[in-house]
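Naming follows writing order (A, B and C), and every chain is counted from residue 1.
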Amino acid sequence: MNVALAPADEPAAAARLAHPAARALIRRHYFRWWEALPWAAAIGFYFAFPAYLAFGTELLITVLFALSLDLALGYAGIITLGHAAFFGTGAYAVGLLAFHGVWTEPITSLVLAAMVAAAIGFASGLVLLRTRGLTLLMLTICTMALLQEAANMAHDYTGGFDGLPNLPIAPIFGAFAFNPLYDNTQYLYALAVLLISFLFVRTLVYSPFGQSLTGIRENLLRMHAVGAPVRRRLVICYTISAALAGVAGGLWAQTNAYVNLSALDLDRAATVLIILILGGYGRLYGAFVGAAAYLALEHFLARVYPTAWQLGLGLLLVAIALFAHNGILGIGAMLWRRYGRRRAAA
Amino acid sequence: MTAISLETEGLSRHFGALTAVNRVDFKLAAGARHALIGPNGAGKTTFINLLTGVLMPTRGRVLLAGRDITARAQAERVKLGIARTFQINRLFRGLSALENVCISVAERVGAAPSMFYPAGRRADVIEESMHLLETLKLGDAARHRVSELPYGRQRLVELAIAIGLRPQVLLLDEPAAGVPSAETHIILDAIERLPEQIAVLIIEHDMDVVFRFARRVTVMVGGAVFAEGTPREIEANPQVRSVYLGQAAELAAHG
Amino acid sequence: MIENIDFADILLGGISAGTVLFIVSVGLSITMGLMGFVNLAHGAFAMFGGYVIVLAMNRAHIGFAASLALGFAVTAVLSAVLERLLYRRLYRAGELDQVLFTIGLIFIFIAATVIVVGPESQLLTLPPGLRGQLDLGFTHYRTYSVFLIVVGFLIVAGIWLAVERTRIGAQIRATVDNRRMAESLGINVDRLFTITFAFGSGMAAIGGGLGAEFLGLDPQYPLKYLVYFLIVVSVGGLGSVVGVYCAALLLGVLDFVLKLYVPKGGTMFIYVLTILLLLWRPQGLFGRKEP
């Protein structure tokens, strides 16, 4: 069926693979030295700031949540303001099981949270991803609002507005218990989950599947025209993204031993979107940079001057939208390229 | 009797009251070099969209090597062997030329759905894409982002993406459109070097290109086939001259 | 279950609430249909204008009609300035940038309102002529609500006529249909956008002021009702005045009815309906189908 081009010979093929462009692609997935930095920083943080481990845990969970959104938004180009739907699903899955004494083992609970969130992601993705633009945005918001209302209505099980406090979480591997006063276990647990999840996302992003997602984001029509089953890829991506968001939500419920309706809030969905864009979407580490920057600023400013914080955030968003929509990492990449060019010219 | 790669039977497409394509019977032979010409708005791009599945016809059939593919979606038709280029480039702008072609080749060889190993390990995909770029004299551009390339070379990348699919049938929608005249020869050379077995249909306005390249010409006016024949026959046809070539000559005289 | 509530009362209550939604949202529908711009900050203009109207009446003791006019004018001018300076730069940008930008604007408006006026709710003091009850024959109903319904109907009729019968309306319809063609016909699309945007925001201001009783008027307004405005606009169909009107009334009546009979979970029903409708007809009830 397919017509063959002229057959290639061995030395010529090797020469082609040695071309700088080819080498760049072959090496794209190699680990670079600076990729160890965020993890070194995370471990250093553990030892350097033992009093701030609650904040640190929140940061790690937010990074995971933003990372999940990056898969959908940054790599597949699915614009959603409803990602908290999956975060909340994971959180409530864990919370309901623990609160009602059904299941308290943390690691398997997380797996379950991922599966439930994935199921919802798959079902909603199958249906929603037929639409695009404003319609899709609306549908993601409505799905999330729908789940929040459902959680509210089922207040006999979910505790409604007050939520489910004091969730009993069993010790990890039977040995490491969560202590609400000292967040050591929570922090390391979250760090481990984040590391595993990140390696998973990284593998996915550098795989041929990840490359096709980038193609879909860059030029949807062209992807159709090269024979890619676009909708299938988008639904798979959305499902995986939902699963990871569910893990983040489950982590959140476990480390706080608490879950309430805020897990499904528009506010949460909007915040994670802001964080990802602030850091830079489609760049794997944007989630790290954005979460760190946002949460640090919020921690110091929002408590003290909430209105000024909101004003500043608004101005920042306007500035980003107008001038820097590739976020902090985008600015960094641009400066790096310019610096590289100047060095080449000199 | 030459094998027919692609044909249409009574293909029509209406947009409300407007008939964009009107009962077109068209045959594209295997290994053809076939040009489709006609005034602006004659329905040529709509016709290509119908052939590729971007649009569904209101009436009629599309057949590929005898098989009815009228109901098939665009992506399916690509898998069956139809590839196209667009009149305005549809490239993956933020990616390098090599990555652009790799996406297309990866799709073809079935590597694309794989999630758990790095794309960099598919040396076959990368090697074939580099080979293709080199054939189109794009070797030195491989590393660069396509958005940074001059328009003529972008057009070549567009062509490379389509060729990377190793189609049976290649539909080119004004491949030289928008390319500065100093660079058009690169595109035309590339088209001339296409493998013999591929059936090529090219929409063109430039009659020099048509004469150089086409062995058969179809003239489309008002969504219907107006005339068909060899380039010489078409050029000599007085009705065609008045409808189309006459216009062009007038434009040339005043332009 | 509440007995003895007249069916007519329910209908009137829902329609008046829906009318408020309509007046606020009509501008959003027109600008989104015309400019294709996802303006999540539309509610912020409604809030801003509402504050101008209410403060003009309460603190500067300006009359009702004059305050409405003032609110319209000030908001229209402000939005025109923002459109020229900022919005314009994002017309070609992706949806993501537009969402970000407008969320940022919302935050700015909210913070500015808290700083300048304060976090409390504002109350609209009705002019004496609009207080009390009106005898409609088949029932007695709040004069103000009837007033709202009438005003709403006049507005939708007025805008519809303007769009269908005036030259500028024709220009808007042409630009919505095919922007490039409209430009080549000599229509000054840039100016059209500014005028339409200003008008839409001015309308929102009126809706914000008039609806202060139903929707309240406090700094959280743009976020509180964002989803409702979006639902009304997308269900009605972008760019369709009649569509927005119908969707708003429908939503108003549904909300009213559900609050009475299904107090817990009424909103869920609305979300489910919206989802189902948008899946069945992504372009909304009266929207144009994308080819």
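As a convention for this text, a contact is a pair of C-beta atoms (placed from the backbone, for glycine too) under 8 Å apart; a residue touches a chain by one contact, two chains touch by 3 or more.
The model shown is predicted, which means the values in this text are computed figures rather than measured ones.
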If chain centres are mean C-alpha positions, then the most distant from subunit C is chain B
Highest contact count belongs to the pair A-B
For the pair subunit B and subunit C, the C-alpha centroid-to-centroid distance in angstrom is 48
Whole-Å distance, C-alpha centre of subunit A to that of subunit B, is 40
Here the gap between subunit A and subunit C, centre to centre from mean Cα coordinates and rounded to Å, is 34
The residues of subunit A that touch subunit C in their complex are 73, 79, 81, 127-128, 130-131, 133-135, 137-139, 141-143, 145-146, 149-150, 152-153, 266-267, 270, 273-274, 277, 307-308, 310-311, 313-322, 325
The subunit B residues in contact with subunit A across the complex are 52, 54, 74-76, 78-81, 83-84, 86, 90-99, 102-104, 106-108, 111-123, 125-128, 130-132, 134-135, 139, 142-143, 161, 165-168, 195, 197-198
So, in the complex, the side of subunit A touching subunit B is made of residues 1-5, 8, 12-13, 16-17, 19-22, 24-29, 203-204, 206-212, 214-215, 218-219, 221-230, 233
Note: in the complex, subunit C contacts subunit A through residues 32, 38, 86, 89-90, 93-101, 103-112, 114-115, 223, 226-227, 230-231, 234, 238, 264-265, 267-268, 271-272, 274-275, 278-279, 282-283
